[in-house]
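Each of the two complexes below includes chain A, the first together with chain B, the second together with chain C.
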Partner chain A sequence: MGEFCMPSLGADMEAGTLVEWMVKPGDRVRRGDIIATVETQKGLFEVENYENGVVQELLVQAGTEVPVGTVLARLSSEGMAPPAAPSVPGPAVAVAVPAATEPAVKPAPEVPPLPPVSAPKRVPISPSARKLAAELGVELGAIRGGGPHGAIERADVERAAQEKKAAVQAPGPPAAEKPHPVDYQSGMRQAIAAAMSRSNREIPHYYLETTIDMSAALRFLEGENLKRSIKDRILPAVLLLKAVARALAQTPELNGFWIDNRHQVQESVNLGFAISLRQGGLIAPAIHNVDLLSLDELMAATRDLITRTRSGHLRSSEMTDATITVTNLGDLGVDTVYGVIYPPQVALVGFGRISERPWAENGMLGVRRVVTATLSADHRATDGHRGSLFLEALNRHLQNPEQL
Partner chain B sequence: MNGEEQKVRTTYREAVREGIREALKKDERVFLMGEDVGHYGGCYATSKGFLQEFGPERIRDTPMSELAFTGAGIGAAMGGMRPIVEIMTVNFSLLALDQILNNAATLLHMSGGLFNVPLVIRMATGAGRQLAAQHAHSLEGWYAHIPGIRVLAPATCEDARGMLWTALEDPDPVLIFENQTLYPMEGELSVSAGAVDIEHARVQREGRDVSIITYSASLYKALAAAETLAAEGVSAEVIDLRTLRPLDDATILASVARTHRALIVDEGWRSGSLAAEISARIMEQAFYELDAPVERVCSAEVPMPYARHMEQAALPQAETIVAAVKRMVHANG
Partner chain C sequence: MTDAQLKEMVFRGLRQIAPEADPTLLLPDENIRGALDVDSYDFLQFLIAISEETGVEIPEADYQKVFTLAGLFAYLSAALAKKPS
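Now for the complex of A and B:
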């Protein structure tokens, strides 16, 4: 038996609205299938499944907003015997709820990015209690069952509802006030505000900056693009992304997370690519395994990602898997970007515009096309020395573009 | 009905007797037929004095042949009479089962709707009087299995008095089961008591925590249990089914929707019992109202013992009902 929970599509997500089920009970689902769409303050996302199995029961109706970690559906795993009599669920059942305020655990892509519900277990609940809980809006995960084998009964639901009511009435932190995302813009702003405030509050940033000569890289690109039709041409931004991925191989410490006071270096290089939205706001979905993609593949992936981001068809894994973020404000004429890290990541790479500047080299003065690259990094995870090595590697790769 | 109803103390036996007497008086087509109903006045004295009052034409002693006299009753009913056939106990009714099941219950259908069988069969049922394994059955659940007949189980003096006339007015066969332990039971009856409805179950005691669904003599065990439970803070609703076929689902389901728990108390054996049928209907129609699994208190699945303490142990009792309810409402109790 498996549970499909409301995923955390980012550190700033506390709740999501289940918009549509793509499956129904009895459907066989495979790892990677889209099984629902979820709307968050950042938009509409297609949520993937991480287990092969059969959908047994949909627990949340379309249109319902539930906290991150809420069980949305139950799946029976193929080839797995049903669990024995469920043990009495202790406080562990409550794990679903704090997930909303804690940094979301960001596992490597090979691991389902689901909230940390350890052993999937079915909580016995009487039919009437289940109905009552839905009526009163009480999360099943938050109820402690008082019946036989820990079964949840009506009395348990009523008690939980009263506790919830008491908690709401008690003066709580303003963060608990969750505006309903009717105003899409303001919802997005709220989400960005929460994530960025947290970043500034918790992450001791340090900033490094270097100017990189782009002559070789752009020459290479121009040569390559001559071989391609217009629609297949590679943009300079793609070259920069690839160079970042390659440089991270030398300084893997910058590629990962800081969670629970621990630095968690990630193996896969999933670049969060900051994309501004037409209606305002920003999303940084991940391009997976950039270090393994050819330039053409990366170009295609980037184009696809931008299209889907702007049309609202991002996948849940793309929202959770980024291991570092790259932001490129060059189009807008900005020279230098000092970025704010997206928690729980530990670094952000910024690029300004590529522009011609006077350039002195080997005692000679010339005009070169250059770009300013910056690194914002979490000082808890790395030091300036590491950061410098990264920028140096980035420069080196851009001087040898044919090897990218 | 107006103002103060004048009540008289009576017994269940007397109420049955008055019901029969009223029917005999009201309708000349009504006659009583069965073993020892005439000279002896009925095995349970429910027709005492009738032979003198109504004469041998209408109070007819029969041979010890249930098959024959039940069949004669069916024929008389088809011929326009309104017979009351008394079978001494449900145990002996098995000898008449062919007439009841294959004729009384089917003739309307087999005749293409031409012949109704307006027959009433009364019989005693139940255990508790040390009559041992061959005279202590509760087989009304079996009869409630049969389409084409109506099955009644009067538990109160009012129903003992009033169900018969309504049953006689039914154009189809009606079986009335009188629990033999109830005959000496005393109760109050309005002087104007008469025909009662035979369609609906009745909530005999209202409660919040559990619905105890029962019928016939077990009603009093359930009410006693409810009293005990009330003293312990558990509020039990008690439903008297009254009519076992067709079951009044609406009353049962409405009660379960209030209490969210159901316990069925049935003197029949558990397997394939009426309790099982009621349980299934609750699951089918009120699953989402349930806060606990439906439970049953039935008779032990043994031939009924003769020894008093063993017979009592085999039957549902107020104590076993209390124990079952406490198990179900543990969280509150």
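Now for the complex of A and C:
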């Protein structure tokens, strides 16, 4: 018997609104299926299922906001007959996303959930009343129990449903089909504020920077792009992402998490790619296994990710799986960016603008296109020496772009 | 394609990538990317949209010629004049 909980889609999330169920009781679901859409302060996300099974019961109705960890649905293990009655609900606050059993395949995205604002109240409720409440779309917290010890019975659910209906019908213009928080921007700021304050409070950052000659990389890219139609052109940012992934193979300590006073190096290289939103704010969803993608595949993955970020179709795994973040802020002008690490990650790589600068080499002064790469890293997890090895490796890979 | 149609198409493309901005307020010699806060990814999407409508694929080497509206219109007019219609 499995529980499907409100996932923590990042260190900055405390609660989410279940917007839509994509499954119904009786549906067979597989690991990776999208089973619900959830709205957070950062937008809409498609939430993936983590185990194979059959949907038993949906416990939270669409439109309800619940803290991270709240059980949203029950799943029975595959092949198991549905139990006669729902079991007693477990503790409200479970680990956001179940830790993976095979870390090699999937890093445990145990983003420690922030303490929930308020744990959902546990009221005694009869199984049939719970089922009815789910059917009628009544939030359990909104029902006054009329049974012994305030227990909720079927009649209470029916009454609450009537009241809800009246309340919905009464005021104002017809409600939109899906509930939408009014102000994304302030929500987004709150979310970023929470994550960044935590980072600054908990993570002893150290910063390193180096200037990288991009001549070889850009020449290579220009040659490659001449062979391609405009739709398939590769952006310089993609070369940078790939070089980061390659360099991480040499310094894997920077690719991972710091959780419960323990450094957890991850095998998969999932780069969180910072994407700023036009309406304000920032999201850094993960591109999975960047080390295994060709440049064309990585360009396609980046394009897909940017498109879905802007249209609100990111998947939950993309919000939880990033093992390190890359920010390419320089795309719009600045030379250098000193980033704030996104917890529980242990490093962030920043790129400034690629620009022409004077460059001395072999006793000659010339003009080269260069980029400033910075590393912000968690001093609990690594030391400056390790960090400088990473930047050296990054430089080396960008001098040999045909091998990226 | 008339100049007016070309202009309309370019503004439509810019509204796609920068919906909150009004591209008609751009000065002819203003840097489009800077003024509309358009990153390299969005600028590429804009150029792809233009190539789909006009058949003109602007090579990377010519990017610096199309960073302003004046430059872009001149570039596209010249390229379209060369194309057999």
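Here is the rule we use: the second predicted complex is superposed on the first by the 301 of 404 C-alpha atoms of A that agree within 3 Å, B and C clash if a C-alpha of one lies under 4 Å from a C-alpha of the other, contacts with A are read in each partner's own complex, and residues count from 1 in each chain.
The rule is simple: contacts are C-beta pairs under 8 Å (C-beta built on N, C-alpha and C of every residue); 3 or more make two chains touch, one makes a residue touch a chain.
Bear in mind that the values here come from a model prediction, so they are computed numbers and not experimental data.
Participant: Output check: A:155 vs chain B and chain C. Expected answer is one of first, second, both, neither. What do you get?
Facilitator: Touch status of A:155: first partner only.
Participant: Taking the superposition as given, does A:32 touch the first partner, chain B, the second, chain C, both, or neither?
Facilitator: Touch partners of A:32: none, neither chain B nor chain C.
Participant: Per the overlay, which chain contacts more chain A residues, chain B or chain C?
Facilitator: So, of the two partners, C touches more residues of chain A.
Participant: Can A:306 be said to touch chain B (first), chain C (second), both, or neither?
Facilitator: second
Participant: Using the superposition on A, tell me which residues of chain A are in contact with chain B and, in the other complex, with chain C.
Facilitator: Touching chain B and chain C on chain A: no residues.
Participant: Once bound in the complex, which stretches of chain A touch chain C?
Facilitator: The touching residues are 222, 225-226, 229-231, 233, 235-237, 276, 278-279, 302-303, 306, 331-333.
Participant: Report the residues of chain A in contact with chain B in the complex, numbered from low to high.
Facilitator: For chain A paired with chain B, touching residues are 126-131, 146-148, 153-156.
Participant: Write out the stretch or stretches of chain C touching chain A in their complex.
Facilitator: 18-20, 33-34, 37, 39-41, 44, 47-48, 51, 57-61
Participant: Residue numbers of chain B touching chain A in their complex, please.
Facilitator: Checking each residue of chain B against chain A gives 260, 287-292, 330-332.
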